[in-house]
Amino acid sequence: MLQAKCRVLANSLICGNFFKLVLQNKSIAAQAKPGQFINIRVDKGQDLLLRRPLSIYLAKDDKLEIIYKVVGRGTDKLAQVKEQEKLDVIGPLGNGYTLTAGKALLVGGGTGIASLVFLAAALKTKFNSVPTVLIGAKSKEDLLCFTALEKIGCAVKAATADGSVGFHGLVTELFREIVAIFSTHPSMVYACGPRPMLRELVRLCRHFRIPCEISLEEHLGCGVGACLGCVVKGAKNEYLRVCKEGPVFKASEVIL
Amino acid sequence: MLQAKCRVLANSLICGNFFKLVLQNKSIAAQAKPGQFINIRVDKGQDLLLRRPLSIYLAKDDKLEIIYKVVGRGTDKLAQVKEQEKLDVIGPLGNGYTLTAGKALLVGGGTGIASLVFLAAALKTKFNSVPTVLIGAKSKEDLLCFTALEKIGCAVKAATADGSVGFHGLVTELFREIVAIFSTHPSMVYACGPRPMLRELVRLCRHFRIPCEISLEEHLGCGVGACLGCVVKGAKNEYLRVCKEGPVFKASEVIL
Amino acid sequence: MDGLSVRIGSLLLKNPVMVASGTFGYGEEYAQLIDLNKLGAIVTKSITLKPRLGNPQPRLWETQGGLLNSIGLQNVGLATFVDEKLPYLQKYDTRIIVSITGESVVEYCQLAQALKKETFDALEVNISCPNVQHTKKGLFAQDKDLSYEIVRKVKRLSRKPVIAKLTPNITDIGIIAKACEKAGAEAIAVVNTFNGLAVDIKTKKPIFSNIVAGLCGPAIKPLALYKVYEVKKAVNIPVIGMGGIMDMNDALEFIITGATSVAVGVGNFVDPKIPLNIIRGLQNYLNSNQYKNIKQIIGSLEC
Amino acid sequence: MDGLSVRIGSLLLKNPVMVASGTFGYGEEYAQLIDLNKLGAIVTKSITLKPRLGNPQPRLWETQGGLLNSIGLQNVGLATFVDEKLPYLQKYDTRIIVSITGESVVEYCQLAQALKKETFDALEVNISCPNVQHTKKGLFAQDKDLSYEIVRKVKRLSRKPVIAKLTPNITDIGIIAKACEKAGAEAIAVVNTFNGLAVDIKTKKPIFSNIVAGLCGPAIKPLALYKVYEVKKAVNIPVIGMGGIMDMNDALEFIITGATSVAVGVGNFVDPKIPLNIIRGLQNYLNSNQYKNIKQIIGSLEC
């Protein structure tokens, strides 16, 4: 974990309301693991006080890549940042995914897919095996990272709510079908996406008895574990910090 | 007085820390009189709450021109506004200079000269007589509107604190010399500039018994006379509103 | 726009949006910029018996998301108000709420008495102006007995509905609100400005000659909203909410929390169209959410 | 950096800049980002006798220039603090101020008693946490007798310097500050957060399960500064000022107004370097203005 002013190498619209941000910083990139995030100060003034956390999509050499969606004032401000400007970044932060050998299944919804791309690449490097990936989106235009995942060599299947591409329905419905078809269950499910998707997925994994790791989002205060602002209810009825114990949790550790 | 979203036709550095802003709005331009100002909302958000008042430098057809100096957060934000953006403007506001026939002498310091250029042009149009203008600045680089005034036909004399051009010293010292040289005193002095300059000038005019109008600055709240935030002490010990009774006052009306 | 009309005691407003005392002068100043007839009510600058000079400059200071002010109650005084300002306001089809303030209980009574025969819609009793010293210990609105006494006496002397305007600079605003309700106030206006200080680090002097100044604007919105919540819990009369309201969403927060009416203060300086934007916004909100009447939303907060 | 050292009662700080309770955990979290040895002092998250679970989500909400929080005092509890957190902090060359809070006078006493033999530099008695109910009527720090009693008893039980941390949600903070001074407090910390409310207009529910939350950040700076001014007028012991301090100029405003020391709260979230930037800034300020010692500036406000 370190704090650095990172040069913006690129920051541009990729599709729908989604942007890709490329930052330059060797030290953060070198430390980054799949599932970790960085915390960016988007406002140099005091209008928007808090930093904004974004998952690492790719970390290579001196490059850190992020995929984000404009949803409010902070991400809107971020979208206006220009190439060559510098952003104050703290990272990498949090605990990432546990890399385990075996037949992994990755399930991503919305921008949640970003951290899974980093994970897929890492699984391939470490175990020389490519996971299957399910991507959920509202519509064809909102489908992220499909080709990036294919390039890594993953079998990628899409689910869209409007049926404009791939499976017509929710990614959790696709998941249920796929798992039913698989001769053996995946050895591990990794998921990142909206809370309702994760909730249903965790229910299904429990049903099929598949171990599962999920990446959670909360609005953060400090981002480093100091303020206790970002908690999620743990299985022992304690509160766990998304920024520190998470953002990736074993499904069994938390109550969604 | 009206409120309008005005297109920015130009907004660029002219010298030192000074910018020229050109706005498009026929109605405001048509109503504007020398000495009046407009009140600009520089922040669309709520970071910088209040509007910023700026004198009208030129109003012609559908164009409103402003000369401003970057001195704080508001003017800094204004300097970042780009061509074709729109600014929320209220104006024209306040009472301008009284246009009187005769041998006028105009004295401007810093950006104060802006409203005097508008006045010089109006005096020429109305009475077909061009005033003499004294401009004070720190240094050659900060000398504003010299050529614009010459184009109108004014006799223009500069005073710089560092002597880099024109008279070496304060514009009020130059004023004293000029008035001493003049065979007859000017019939009227109009002045706009920093408070210490105005204070000394008013003292001199009183000494020489020359009628004098001065344009004052205060930090404004509403800009329309409603909040009583912008007052200056009047000669009858009452408080006068800079935005309503002013910004131009007869020297005898106010206590500086 | 019938769905927007609200009742403040015996006073019927065509919509719940007012402009707050001291931020809208006596109406004239803004008449060129917006249609005053569209406002729910105009609250005048607080007037005193005699004209008041007010405080020396500076009177305003911007802070993060807020504005400190120390006007010192400069106003034309009762006589000029009645002769010149009130007739102007009477031309408009909106409610006129006259804000009065005094340095003693007697002065409030004299004001109420003198205004008895004039034509306007309600009296707002400002017992919370932070820019003048009321009692040795503080503001009238920091003392429940004095608050009761002033409201009670003004109420007796005046035939108009009486609104008590309270200060947020207090441990328990509910106690004061209750006292005012008991004294016969038709409504409680919450809040006046918060006590604040700014220091010029170059001169090592307070920015304001009066040292203390009043903070308003978006910075205080969450604090003002909580005060509205506390007052609403304490009394059964309508609450007029204000403090940093800049748009329809802000207004809705106050209304849901329990404000029957809301007032825009410093928002008028930022954009004089804010009150009308809020009125239009509320109408659209009612329509698109199938509410017949704004009353269905007032105080609908589910705790 | 000798010119920066200040004395808080019997406690000597190498410089006047602390990090505020609850915004810096138990120090570990920020140790990777800044050199803790450079800080004047670290105030720990308030600890209670038993571990506390804290409030459900959400616990944070951004407002204009501010942050509402409702953590609900989640903390590891006394035992774990002493076993795990304190030893970590003891490794650093900075002052450790342990913040304690309880639901009753007895709990404060038990905490003071239990901490007596531990190694740290001062106790901060947080009698002002807005996220827990203290008495039926409100917070301990809203009651001068209870404030007196708690500080007095803690002081008697503990050999450490005692700092009383007060709430700004009060009519006259001076009264409480005086009571704490009389009870033996070595210093007064001003302020804890301001009571605020935020409403979700879609669900018509308060954002926070606890309804009320505490506002901090630049939005409250002028209000906090005024409270420091009030406390400084009331007592002769040092004041520790906080509330929206984000840079050296903010710190100077507090110091000039009378704060012997300042604390950075939410500023740590915005930029963990803020405390160190302020320390460096103050040193430069002293040098370039030919001050030998920061004490020449403390309370130098000319009114």
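Each chain carries a letter (A, B, C and D) given by its place in the written order, and its residues are counted from 1.
Please note the rule applied: contacts are C-beta pairs under 8 Å (C-beta built on N, C-alpha and C of every residue); 3 or more make two chains touch, one makes a residue touch a chain.
Computed from a predicted model, the values in this text were never measured in an experiment.
K.L.:
By CA centroid distance, what chain is farthest from chain C?
P.N.:
For chain C, the chain whose C-alpha mean is farthest off is A.
K.L.:
Which pairing of chains accounts for the highest number of C-beta contacts?
P.N.:
Counting C-beta pairs in contact for each chain pair, the top pair is C-D.
K.L.:
What whole-Å value do you get for the distance between chain B and chain C if each is reduced to the mean of its CA atoms?
P.N.:
Centre separation, chain B to chain C: 36 Å.
K.L.:
With centres defined as the mean C-alpha position, give me the chain A-chain B separation in Å.
P.N.:
Computed value for the inter-centroid distance: 56 Å.
K.L.:
Mind checking the centre-to-centre distance between chain C and chain D? Centres are C-alpha means, answer in whole Å.
P.N.:
34
K.L.:
Among the residues of chain C, pick out those that touch two or more other chains and give their numbers.
P.N.:
Residues 64-66, 217-218 of chain C touch two or more partner chains.
K.L.:
Find every residue in chain A that makes contact with two or more other chains and list them.
P.N.:
Only 46-47 qualify.
K.L.:
What does chain C use to touch chain B in their complex?
P.N.:
22-25, 28-30, 32-33, 45, 53-54, 56-62, 64-67, 69, 71, 74, 217-218, 246, 266, 268-273
K.L.:
Under the stated contact criterion, what part of chain B meets chain C in this complex?
P.N.:
Contacts found on chain B: 1-3, 41, 46-51, 88, 90, 218-233, 237-239, 244.
K.L.:
Going by the contact rule at the top, pick out the chain D residues touching chain C in the complex.
P.N.:
It comes out as residues 63-66, 68, 137-138, 142, 169-172, 194-199, 201, 203-206, 211-213, 215, 217-223, 225-226, 228-229, 244, 249, 252-253, 256-257, 297, 300-303.
K.L.:
For chain B, which residues count as touching chain A in their complex?
P.N.:
45-47
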